[in-house]
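What follows is a pair of complexes built around chain A, which joins chain B in one and chain C in the other.
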Partner chain A sequence: MSWENFLILLSGLPYTIAVTFGALIIGAIFGIPVMMLRISNVWILRTSMIVLIALVRSVPPIVWVFLIFFAIGTAIFPIEPLPAALISIGAIAAVNMAEIYRGGLAAIHHGQAEAAVALNLSKWHTFKDIIAPQVMRVSVPLVATYAIGLMKDAAVASTIGVPDLSYQGRYVTEMTYEGLTVMGFVGLLYVAISLPVAWFSRVSYNRLKRKAAV
Partner chain B sequence: MENAPVSGAGQPPLVKIEKLRKSFGPLDVLKGISVEVPRGEVLALVGPSGSGKSTLLRCINYLETPQAGHMRVADVSVDCSGPVDAKKIRALRGHLGMVFQHFNLFPHMSVLQNIVLPQRRVLGRSVEEAEHIALDLLQKVGLRDKASASPARCSGGQQQRIAIARALAMNPDVMLFDEPTSALDPEVGLEVLAVMTDLAKSGMTMIVVTHEMRFAERVSDRTIFMADGHIVEEGPSEEVIRNPKSERARQFFSAVNDR
Partner chain C sequence: MSALWADTTLAELLEWLPLLWQGFLINLQVTGITIVLGLPLGFFLALLVRSHNRWVHVPAITFVEIGRGAPALVLVQFIYFGLPQIDLTLESFGAAVVAMTLSSACYISEIIRAGLDAVPKGQHEASLALNLSKSDEMRFVILPQAMKVSSPSLLGFAILILQSTSLCFSIALPEIVAQAYEIGSISFRYFPVLVLTAGFFVVICIPASVAVGWLEKRNASKI
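Take a look at the complex of A and B:
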């Protein structure tokens, strides 16, 4: 494989990172309201979130990406591949992040909220100062692990024309017929992004375990 | 403490609970409890598990919602038979400090932050003032050197003393203790009881749910023995614990005193 072709492959890297971390950030933010509605006392809000979460999770990412891109793109307004990918994969990330947060919330002893209530902290301060930081802390290792899964899901963005690693891999393969080498490099580049994230997940998990064990 | 202990003569009680009822589903936990606590009194609530003593304590600051009865703490009067305004509940809690069996310190903050944050958020104190008060209280419970430590780095006994300091920083009129030594080794429990004894001597009004009969006998002015959601016996601590009149209380105290 020529140097030029390798550079073409590399040019896909920023898109893969952008879709992955863009979707992760969208998910991290919108996951909060989704989780809050999911645990709401109001039956209709809770139920509609249960349905939404099940729906989003049970349809493959590639279908969502096509749905957003073609359905919105043709029926409502023209949409570029990158924003379409960010919206659809970000939505998938949001429901998954909501479930990660919900697990984190369940892991927090009810005594924390009770202590905050007994000290007369307002609901908002109890959430902001006591509950949310602890949920974030216990969620970090899971979020990092999820980010790796999300990166793999993000490859479907290539199917609607986001020029990411997978897209460039296929493009170079079609030009050179050197599928084995090219896709081997593509795989290695994915590994190169995953490894530091996996390492971070492990370190943060160990740190959490050490803190909880004392 | 500026409030000297008084026997309550001529003064309305600081805490007055009348015919308080609470049930969890079909289970009646409090079957019409009436208690008065004058300012400066240390009251021990004892009894077998399931007797309702912890529930009574938790109803006083509305961690549990009672279903009937009436309650007054200082100047806050609450009719418990209907829904109570959130503002009123907060006013009620403003008079009350609570210490839990499992300490419930906030693990993501330093010891100092645990005591400073509630003062800042609820009482609107400045950082300097809140830290000054926090360090002063840590000094009183003998843990000034732990100010910047994480709660996880403190022993159970130390955590409970920090929790006491955190509650005191909010200037409560009454301190509620829910089995404060039950999660601790007996030896470590003693250091917590020592802090509570100092607090009692300083004139703080205290309601203590406990299984520590020696503490109840020596430190509390009055003991209430509860069983099955009723007050079975009440009186001066030594009398109730040493010479209980009812059969139910005799059974209980002979069992715990034998240990």
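Take a look at the complex of A and C:
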């Protein structure tokens, strides 16, 4: 593999990171209302969220990406590959983040909410100052693990033309016919990026366990 | 909504259904073969990873971690576009099966390893006391207990395999997403055909994940 081709491959790296991080942030934000509705006391809200979560999870990411890019793009308004990828993969992330938050919420001792009631804190303050910070802390290792999975899902953005690592790998492969070397390198690059994140996940999990927050 | 639906008639939907079904059959075939080949390969990998010999453990865990760390999309293209470099050309179905099997075996090995690790040490010691051979111990004592722990996760993973077969779109396998894409590019009615495609996955995956959840609950109450 020549130096130029190597640089072409590396030029995909920012896009891979942008799609992954962008989708993760969208997911982290929209995951909160999805989770709140999912645990709502109102039957209809709760059920509709259960159905929505099941629907989003049961359809492969590539179909979601195509739905946003081709269906919205041809029928409603033209949409660029990058925003289309961010919307679709961000929606998948929102649903999965909601489930991570829900797991974190279940790990918070109910005494915390009771103490807040005893202190006459409003519902909003209980959530914002007591529950949410603890949920966030408990969720950190899981979110880090999920980010690795999300990066792998984000590779489907290459199928609609986002010039990420996989896309450039395919491009260089078609130019050089050296798929084994090129795609092998791309695969290892993905692994290399996920290593520090996996390390961070383990460290934060161990720290959490030491503090015995859960 | 009407713009998305683009006056698609019921007759058109019915015309697409068999085409999509043909594609979906390929997804199901690749999934089936992947499970049949991936389970034994994954079990074998799990044994290698659990080996106390460093020269066996390190290569095995490296293989598993790379297989799980690289996106399946990249692995599929690695096999399909890569093997010709060493004068070994697989058609898209063969490449799909090889890539999906390798990738799945890595995940399966970790699921099985967790199951094996969950079997209490006393079971191994008891087998030693009974003078069971190593293979008998595995077959009659350890594996049945390990599989009880692993089976819900394995079934859950089978659903993920079905979903990831759609990535073989990228190597021109005429599976369901490729069919949908083709119908879309001819009729320019992407939305209805993609919704129909999503429907195929929903119909299989939602009941399957409900069943897996039920199995998990039942298993948890037993242990």
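We take it that the second predicted complex is superposed on the first by the 212 of 214 C-alpha atoms of A that agree within 3 Å, B and C clash if a C-alpha of one lies under 4 Å from a C-alpha of the other, contacts with A are read in each partner's own complex, and residues count from 1 in each chain.
Following the convention adopted for this analysis, a contact is a pair of C-beta atoms (placed from the backbone, for glycine too) under 8 Å apart; a residue touches a chain by one contact, two chains touch by 3 or more.
This is a predicted model, so every value here is computed, not measured.
In the superposed pair of complexes, A:60 makes contact with chain C only, with no contact to chain B. After overlaying the two complexes on the shared chain, residue contacts for A:206 are found with neither chain B nor chain C. Once the two complexes are overlaid on the shared chain, A:2 sits clear of chain B and of chain C alike. The partner of chain A that touches more of its residues, comparing chain B with chain C, is C. Judged by the touch definition given at the top, the superposed model places A:112 against chain B, while chain C stays out of reach. When the shared chain is aligned, chain C comes close enough to touch A:71, but chain B does not. By the touch criterion stated above, A:179 is placed in contact with chain C alone, chain B being left untouched.
Residue contacts after overlaying the shared chain place A:47 against neither chain B nor chain C. Once chain A of one complex is fitted onto chain A of the other, the partner contacts of A:122 are limited to chain B, with no touch recorded for chain C. In the superposition on chain A, A:187 makes contact with chain C only, while chain B stays out of contact range.
Listed in rising order, the residues of chain C touching chain A in the complex are 3-4, 6, 65-66, 69-75, 77-78, 80-86, 159, 163-164, 166-167, 169-170, 177, 180-181, 184, 188, 190-191, 194-195, 197-198, 201-202, 204-206, 209.
Interface residues of chain B, counted against chain A in their complex, comprise 61, 63, 90, 93-94, 96-98, 100, 102, 104-108, 117-118, 121-122, 150, 152-153, 163, 166-167, 170. Those residues of chain A that touch chain B in the complex are listed here as 109, 111-112, 114-115, 117-122, 125, 129-130, 133-134, 137, 211-212, 214.
Residues 54-55, 57-63, 66-67, 70-72, 74-76, 148, 151-153, 155-156, 158-159, 165-166, 169-170, 173-174, 177-184, 186-188, 190-191, 194-195 of chain A are the ones touching chain C in the complex.
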